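Look for subunit A in each of the two complexes below; its partner is subunit B in the first and subunit C in the second.
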Partner chain A sequence: LRHALQLQIGPASFRLGSHWRGPIKAISRLYAGYPAPDQPCDFTVRLEADTMWRRWLRPSVAIGGDYMLPGAAPMALVHGLLAAEMGMNLQMALGQKHFLLLHASSVERDGRALVITGESGAGKSTLAALLGEKGWRLLGDEFALLHPESGQLHPFPRAISLKNGAITVLERIAPANRFGPVLDGTPKGRIRHLRPNPAAVAAMRETASPALILFPRFGAELASAIRPVGGAEAFVRLTQASTNYGNLGLRGFEALTKLVTTVPARAIDYADTNGALELVDELWGSL
Partner chain B sequence: MKRGSALLVRALRDPLWAEGLSDDQWTSLITAARAESLLASLAHRLAIIPLPDKIRDLFEDARRDAERGRVQAVWEAEMTRRALAPLDVPVVLLKGTAYAAAGLSAGVGRSIGDLDILVPRSALRQVEAALLEAGWEAVKQDRYDDIYYRRWMHELPPLIHKERDRMVDVHHTILPLTARRRPDAAALVARSVSLDNGLNVLSPADMLVHSAAHLFADGDLAGGLRNLWDIDRLVRDFGGRRAFWSELAQRAKKHELAGPVRRSLRLAAELYGTPVDDLLAGQPALADPLFKRRLLARNGWGQATRPVVRLLFYIRSHWLRMPPMMLARHLWVKAQRRKSPA
Partner chain C sequence: MAAPRYIADPPHLVRKVRLDGLTALFHIPSGMTHILAPPAPQILQVLGKGPATAATILSRISKGYALEKQKDAKAALDARLAELEAAGLVSRL
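So, the complex of A and B:
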């Protein structure tokens, strides 16, 4: 592939290759300041034309790589950046066997981590992005990497994928030079990526101990509420949030058991982001 | 500098050679190994050399993952044994599960997909009924496919277990009934070897014949490097046994698969340095280089290359599978269905 780039993000490294210059240029801009891998790469992502003429004629990007989803629809070339991001997510979700992968965002303070998980639309990314601008260190917005034996969380500070309303919320507080281009008309609506702040990028190798698991629920009509979540419920919800729990076998079971028996879990309801931040402060202060 | 599948073959053949690889070559090697389902096999093979930290971790993860897959595959075989035990028919494990259950080198790090078993054709109905009774169910497919499988294929339509979500392919022979070559299925079962878990595997010679049939007498050589690696490992396990080679020659002929067996020996020797019986392998054939080109059609990005060669082997796979008129009818039905998916 003519255009290529290598990227180190926390413990994982990626080799990205593309038929077109655009997506690689966009990725290298978005990830300005990230280190290059000093070892072979974990994963290869390919952005390729699915047929020969699609390289030039109404070009569309098929996401390929070491691990692929059969039958995934190709994307418009203007969304090449998103294709690259999805390609990297796919490698992690299907190919990562070193860590227990939780579909969760996470932030750190004083070496202790807050893990935020829930269905899409619950506000995982938005909350983590906001906390990351308010004195917390962003560990990651898409995957939390739990090391099965040590129980430590490893940062995976990819660019944060902000959707629709969350974009304007963050545009008000984060500097413009950390944003990627506005991507309109994607399958998930409007998307804009935000590079984590330099401190989060610089500390991408520093692990944290999980201290609180949070299951947020967002709804404009909801009253602010906090509810304790038992270990068994947290366990089941986290198995559902994990992409490779089954693949890790006994290691996955033991890692998750240890997590839910040693770390408290809470569910919160919130109607607006400020309300959520107050609840997080309250919970964190009472630990 | 070697890239892609050529790099993979070289590293499998000669682990010490891999010591000098650059970071970029390692990345390319890992990608090729994943694309050919040989990552864990490679991880076992290269365990003896010093490795970059990243590769050491990656290989450890791959070996662990393959081990979990092995346990799961052998467990699935055991569940099948339990379901079929009352019938008192011989159940012969095939391919990956057989290698794993018999503790053969070919099973070390091998990725194992569906469970493949061979039963006597006369017991096919009973076996299917017993599996349906025990929680397996038909994978949804249309009537044409179902009839096609039952009339012309060497296996039942695939069954999937509704709780464990694992597929079983129940074979009654090792090549489609429409293929020109007619292996002697009864002889495969008759000569099979019992394991102490109540299941059976093919005899060493038959195992190699089946592996060669799978690679060179059926299909378009997709995943061929892995299948050829099976052959290499089987030869290294069995090649030193007394009378193995004469037995192999005899069984290959009996199953009408002498050509594919000889070709598999030649190509394994050429690509993996497999110690084969030169007399049985025979002189290089005119088409051998073309097979080699097909087997090595992958670049350092893991992309399939050589589209013309691939197309050629794709056409060949259909040609091997059925006579021309039947193929025409089959493709016609498939094309009609694509037009009106009903």
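So, the complex of A and C:
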């Protein structure tokens, strides 16, 4: 492929290639300051036209790579950046075997990590992005990487995928030069990516010990509340939140049961982001 | 007709972790994870020591878990054995 870029993000390295210059240029800008891999890349993502004429005529991007989803619909070239992000997610979700992958965001303070997981729309990305601007170190947005044997969380500080209302919230507090372009009309509405702050990128090799698992629930009508989550419930919810629990076999079981028996879990209800941040402060202070 | 004898995998082929009142069980031969409520873990524990009929299982479990208070303990045990059999954790000899 004519246009290419290599990126090291935490323990994983990616080679991205494209028929078009645009997506690679956008990724290069979004990930400015990230190191290049010093070893051959773990994963390859290809953004290519699904048919020859689609390179020029109403160009559309098909996501390819080491691991692919058959039948995935191609995306408009204007969403090439999103396709590259989805391509990296796909390689991790299907190909990563060194870590237990949890669909969760995570942040760190004093070497201890807060893991935030839940349904789509629960506020995982927004909370992690806000905390990342308020003194915490962002470990990751899309995936928390739990090392099965050590129990440590490895940072994977990809760009944070902000959606709809969360974009304006973060635009008020994060510098403009860390944002990617506004992507309108995606399947999830408006999306804008935010590069983690330089401290989070610089510390992408520094692991953290999980200290609290949080299951947030957002609803404009919800009263602010905290509920303890037992080990069995946390275990079941985290197996559902993992993309590779089944593939890891006994390693995954032992890693996850160790996590839920040694780290407390709480569910929170919140109606606005300030309320959620107060609950996080309260919970963190009581650990 | 003789009562069926049940058997479960020996302890080294399963991993069990207590989570609250439940038990998370990883079955190594199948790679499957199961969440079990009492008395399923106790049934497996008895069968881990060797094959047994439902009556023997009931007798062994009753010693430790006071199941004799349960009015229809045998029917309940048969239902749990059927569930464990369907899950692939118990089979008949």
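Following the convention adopted for this analysis, the second predicted complex is superposed on the first by the 287 of 287 C-alpha atoms of A that agree within 3 Å, B and C clash if a C-alpha of one lies under 4 Å from a C-alpha of the other, contacts with A are read in each partner's own complex, and residues count from 1 in each chain.
In this section, contacts are C-beta pairs under 8 Å (C-beta built on N, C-alpha and C of every residue); 3 or more make two chains touch, one makes a residue touch a chain.
Remember, predicted model here, so these are calculated numbers, not experimental data.
Participant: Following the superposition defined at the top, how do subunit B and subunit C come out on subunit A, clash or fit?
Facilitator: Superposition check on subunit A shows subunit B and subunit C fit without a clash.
Participant: Contact-wise, after the overlay, does A:15 reach subunit B, subunit C, both or neither (first, second, both, neither)?
Facilitator: Touch status of A:15: first partner only.
Participant: Please indicate which partner A:196 is in contact with in the superposed arrangement: first for subunit B, second for subunit C, both, or neither.
Facilitator: neither
Participant: Does subunit B (first) or subunit C (second) touch A:98, or do both, or does neither?
Facilitator: First partner only.
Participant: Report, please, how wide the angle is at the C-alpha centre of subunit A between subunit B and subunit C, in steps of 10 degrees.
Facilitator: 60
Participant: Check the residue A:260 against both partner chains and state whether it touches subunit B (first), subunit C (second), both, or neither.
Facilitator: second
Participant: Residues of subunit A touched by subunit B versus by subunit C: which partner has the larger set?
Facilitator: Larger number of subunit A residues touched: B.
Participant: After the superposition on A, what does A:66 contact: first (subunit B), second (subunit C), both or neither?
Facilitator: A:66: touches subunit B, not subunit C.
Participant: Where does A:249 make contact in the superposed view: on subunit B (first), on subunit C (second), on both, or on neither?
Facilitator: The answer is both, since A:249 touches subunit B and subunit C.
Participant: Check the residue A:230 against both partner chains and state whether it touches subunit B (first), subunit C (second), both, or neither.
Facilitator: The second partner, subunit C, only.
Participant: Counting only touches as set out at the top, which of subunit B and subunit C does A:1 meet: first, second, both, neither?
Facilitator: A:1: touches subunit B, not subunit C.
Participant: Using only C-alpha atoms, work out how near subunit B sits to subunit C after the chain A superposition, in angstrom.
Facilitator: 6
Participant: Subunit A residues touched by both subunit B and subunit C?
Facilitator: 249
Participant: Please name which positions on subunit A make contact with subunit B in the complex.
Facilitator: That would be residues 1, 13, 15, 17, 37, 39-42, 44, 46, 48, 64-67, 95, 97-98, 247, 249, 251 of subunit A.
Participant: Across the complex, what residues on subunit B touch subunit A?
Facilitator: Result: residues 23-24, 26-27, 30-31, 34-35, 52-55, 57-58, 61-62, 64-65, 68, 301-303 of subunit B touch subunit A.
Participant: In their complex, what parts of subunit C are in touch with subunit A?
Facilitator: Against subunit A, the touching part of subunit C is residues 15, 17, 19-22, 24, 26, 28, 31, 33, 35.
Participant: Under the touch definition given earlier, write down the residues of subunit A that touch subunit C in their complex.
Facilitator: 230-232, 235-236, 239, 245-246, 249-250, 253-254, 257, 260-261
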